[in-house]
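Across the two complexes that follow, chain A remains constant while its partner is chain B and subsequently chain C.
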Partner chain A sequence: MTPSALRIFFGTGSWIILAFLVLPILVVIPVSLTDTSFIGLPKDHLSLQHYDTFVHSTKWLFASWTSIWIGCVVAVVATGLGTLFCIGVWFLSDRAAMIVRWIMIVPILVPPVVQSLGFYKFWVTLGLIDSYLGVILAHVLLGLPYVTISVFASLSNMDRRLPLAARNLGASIGMTIRTVIIPAIRPGMISGGIFAFIVSFDEIVSVLFLTVRRVETLPKMIWEGIQESVDPVIAVVASIFVLITLIATSLAALRRS
Partner chain B sequence: MTHPIISIRHAVKTYGKFRALDAVALDIHEGEFLTLLGPSGSGKTTLLSAIAGFTALDDGSVHARGHDISGLPPEKRDFAMVFQGYALFPTMSVAQNVGYPLRVRKWSKDRIAQRVHECLALVQMEKFADRMPHQLSGGQQQRIALARALSFKPDVLLLDEPLSALDKKLRSDLQWELKSLHKKLGVTFVYVTHDQEEALSMSDRIVILKDGKIQQEGAPDDLYNLPKNQFVANFLGKSNVVNAHVIGTQGEHLLAEVEGRQFCATYDHANSPTGQVNFALRPERIRLGPPGQETFDGHIAQISYLGERCQVLVRHDALGEILVSHPTWDAALQPAPQMPVSFGWDAGACVALDAS
Partner chain C sequence: MPHIPEKLRYWMLIIPALAVMIIFYIFPVLNIWGISITEPSVGIENYERMFASNAVKVSFVLTFRIAAITTVACLILGYVVAYTISNLAGRVRPLMLGLVLLPFWVSVLIRSFAWIVLLGRSGLVNDGLMATGIISQPLRLMHNELGVLIAMVHVMLPFAVLPMLTNMRGISGSYIQAARGLGASEWRAFREVYFPQTLPGVMSGGLLVFVLSLGFYVTPALLGGGRVMMISEYITYQIQEFLNWGLGAALSVVLLMATAVVLLIASRFVNLKTTFLERR
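Moving on to the complex of A and B:
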């Protein structure tokens, strides 16, 4: 093949793959604008009726709000704990520390159902079933590996002499962490926190295991909505979050350029 | 009696089987410019790091003005360090970097601002106060690292190969600056380098390390003119090492013999060497002459022209190849390949070495 033919071949290929990735996500937008009372593409005209239902439904709004604040709490707690863990391991940086770091990542590898079953058995004895605290704890544990991966990547890029310099200039260990290490690894902490938020925000398996009726998160509502009725409000919720994500990422991209 | 500002006693540090420091004892005096010189792996950086408090010794101790500080953490020692690669805080501006030790010490804002300005003026970097470290060149970062280390008026400044990342021209400029800064401030400098020229040009005193042991210490010219062993003779400048039989003494000097020809050499009067002994011989102190004029006869094997001097390799049957640094402006003898010559030296040019 000539170079230009190669370019066309790979160019087309990447656009097809991109479409395959993005289109199923974007299809929820026309679906959310349907004029029918079930999930499907609009028949006669576009309609905002399901958006209207969403903003007037306390049930959906409440679930959205629950997911958001649980996600925020999880992000903050997981980032805090994960960062402390990483700094400790980084200071030690011996064999044991490396093994502990690998163990920390294991939760990613365990099937979510198995892990949720474990949470369930344990949470029953702790009396945490169907409580916000129970869900938050489980989500923190699920989010921690992502935080440690991202924070540790930042730490590995940091000059090892920086904390030495700080201490040489008179800073105690605590002060060194606060004034030198944390500012240097802030980007890793922020992306770790975002990861933890996302993990919590769309997590459903453990929520299904750990909650009954009191705690309703958004993924659980969607899941129940599909089971009971094929309510187009689900497509509305999905569209709203796709749009929010798009706006947020393009803002972030614009700020960086 | 005043105590040395830093005193290291029987310092031992091992990493597995590797002995980074092997019973090192060293006194550092107030106000001196001391250089720790050695090849990589000689233990010089480990020694500096033990003084700074980053490395805990396996045995021995570090004393400051007579007090044992081996157990003190680095932040309690008040020795400022300039790191290889500078280690400026990337998230802080130049002024914040320089003010960091003062903020840690809870100085007032006004005093910090004033002192930061003073220190930046000291290294001629006042204009750069608001820049971030990554916006500066290597030489500028070096100056900021220096200003930061000096800002809290430490007694001792530890410098870990601070110039190694810079190009040659900038390096020699900064050498002069460091030296004049040392004079101006009267702060004790402990300087680690593997560059012998740097060590010779800047130091009041040089300590040469190899395999975790001190080989020799002394003023630059003493070390250069009177090396104790072969390692020192070859590490500081170039030396020829010749082996000869000692036949006695002649006044101040040692008398040695090679193939019936005798020469004089300087030696350490504390131990009188006998038998076969190695001698160090500086290339620039060997005289070349027409055959028969000097002690030994040989012929020229190779010449390389270096401008004001040329390096001449003279081959002698018993002594082997002798490197001679000959002035090119010497009209009496213009060396040419294969030319027969004679060579010799004064007693002061030749030093008897220890066996090791």
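Moving on to the complex of A and C:
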């Protein structure tokens, strides 16, 4: 069968669109290897000078470390709270449970600037401005919706009769959760945790509202870098991000196929 | 051990997360309404100023226009990609899916930075065009609506593709085969048999993109350079430049209401549950 016009249109069209999606992101890699002191393609030769600047900059390294550990704390706390929440909701499965599920995903729907304004005023009264705890708390709230969505997806795929059988055989709720439910929903918890980590690691708007000088995260450094002067070190950070993502998505794709 | 009713035990699992969410999220967001009518003084003067201001009107119109254009562009481009991945890709399907997911996982900040590198006055696009002699003056590709739109579509496109993919996965190929067997042309079978079945996915993707675009801050602020002030940027501008928390809060209330109205209207055509609660 010769390919029809419709097939050719969709086929070529999507390769062009996929190029539009991916190529602009990859552009940061050659730029990060520039031998000039401004953002642009390498002039005479490739150079690692800006990578050198990055690995010797305490400010950048400290901000990276801050983002990583905040992200880990957020992932653990959000996954813990979110998992218990989902299990409770799943056991109940009534109208009230549905309503609280909707309450949990409100942070996805509220514009980032609006929620950050709300955080700021409340964090001022709590004395949490420019503190790590303040940022962690905000990020846990922003990560919770993603955890509940993916944990709940796992729970819905689980056979309802399993935990009921455990209960009927005399296991307590705690024991049922530990020995029957958690092992069954582990994939959902892991992907929820990864989601929460990434939400925290990339989050910028609430950090801009809630921190002054003491707390510096990686996105905040990038944001300030873009605003002030466009320094090629940002291209280095961007390239590292892109390469890690590239490796992670390739691994995920390989595992799937 | 005292007997605790079964239902109460389940609620004890729910309460920690729910309490954190209500105390530290829902309450502060609702409190914005309080700020809007108490700062700097009690009354509705912030709302009066807001509705009298031409700049606010311009910003709201701009916000809705950019969100609408972004949504339409993402739906058209996203449909082509989703259709190809679902129906034509064959062996390259994992690759195509990977290419959609890669940008989805790269932070919005990084993606906006990449567009600044490309579209700036001495960015790669202008440099390239000048070097090849196609243009003699750098083109204005960012710090205007065009730049914001290009980057917004880029950021939002995966949000349109993913719900459409989920929807198309559930469509059986036998309908199309039946239509073709009964003599419909390929185009007609697509238009009259396949396309109507994909509408739920299209609506889902469209709503997601539109709602996220309405409140978007990072990309418009970076690519717009202060000249394309969508409402989120207008709010931060009022707060940072003029410490005008009252007006910022009033604008936030209106933006929140606008988002709620969009969701309310959409709930008549879109399954909100599959769009938001059961994403992916």
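Observations on the model:
Please note the rule applied: the second predicted complex is superposed on the first by the 246 of 257 C-alpha atoms of A that agree within 3 Å, B and C clash if a C-alpha of one lies under 4 Å from a C-alpha of the other, contacts with A are read in each partner's own complex, and residues count from 1 in each chain.
The rule is short, and it goes like this: a residue touches a chain if its C-beta (ideal position, glycine included) is under 8 Å from a C-beta of that chain, and two chains touch if they have at least 3 such contacts.
Quantities reported herein were computed from a predicted structural model and do not represent experimental measurements.
Ranking chain B and chain C by residues of chain A touched puts C first. In the superposition on chain A, contact of A:Leu81 is made with chain C only, not with chain B.
By the document's definition of touching, of the two partners only chain C reaches A:Ile234; chain B does not. After overlaying the two complexes on the shared chain, residue contacts for A:Gly127 are found with neither chain B nor chain C.
Once the two complexes are overlaid on the shared chain, A:Ala184 sits against chain B while remaining clear of chain C. In the superposed model, A:Arg161 makes contact with chain B only, not with chain C.
Judged by the touch definition given at the top, the superposed model places A:Ile25 against chain C, while chain B stays out of reach. The touching residues of chain A, counted against chain C in their complex, run 4-7, 10-11, 13-14, 17-18, 20-22, 24-25, 27-28, 31, 39-41, 81-82, 84-85, 87-89, 91-92, 97, 100-115, 117-119, 121-122, 137, 140-141, 144, 148-150, 152-153, 173, 198, 201-202, 204-205, 219, 222-223, 226, 230, 234-235, 237-238, 241-242, 245-246, 248-250, 252-253, 256-257. Chain A contributes residues 159, 161-162, 164-172, 175, 179-180, 183-184, 186 to its touches with chain B in the complex.
On chain B, the positions that touch chain A within their shared complex are 52-54, 73-75, 78-81, 83-85, 87, 89-92, 100-101, 104-105, 148-149, 152.
Chain C contributes residues 7, 9-14, 16-18, 20-22, 24-32, 35, 77, 80-81, 83-85, 87-88, 94-103, 105-118, 120, 122, 124, 127, 154, 157-158, 186-187, 190, 211, 214-218, 222, 232-233, 235-236, 239, 245, 248-249, 252, 255-256, 259, 263, 276-280 to its touches with chain A in the complex.
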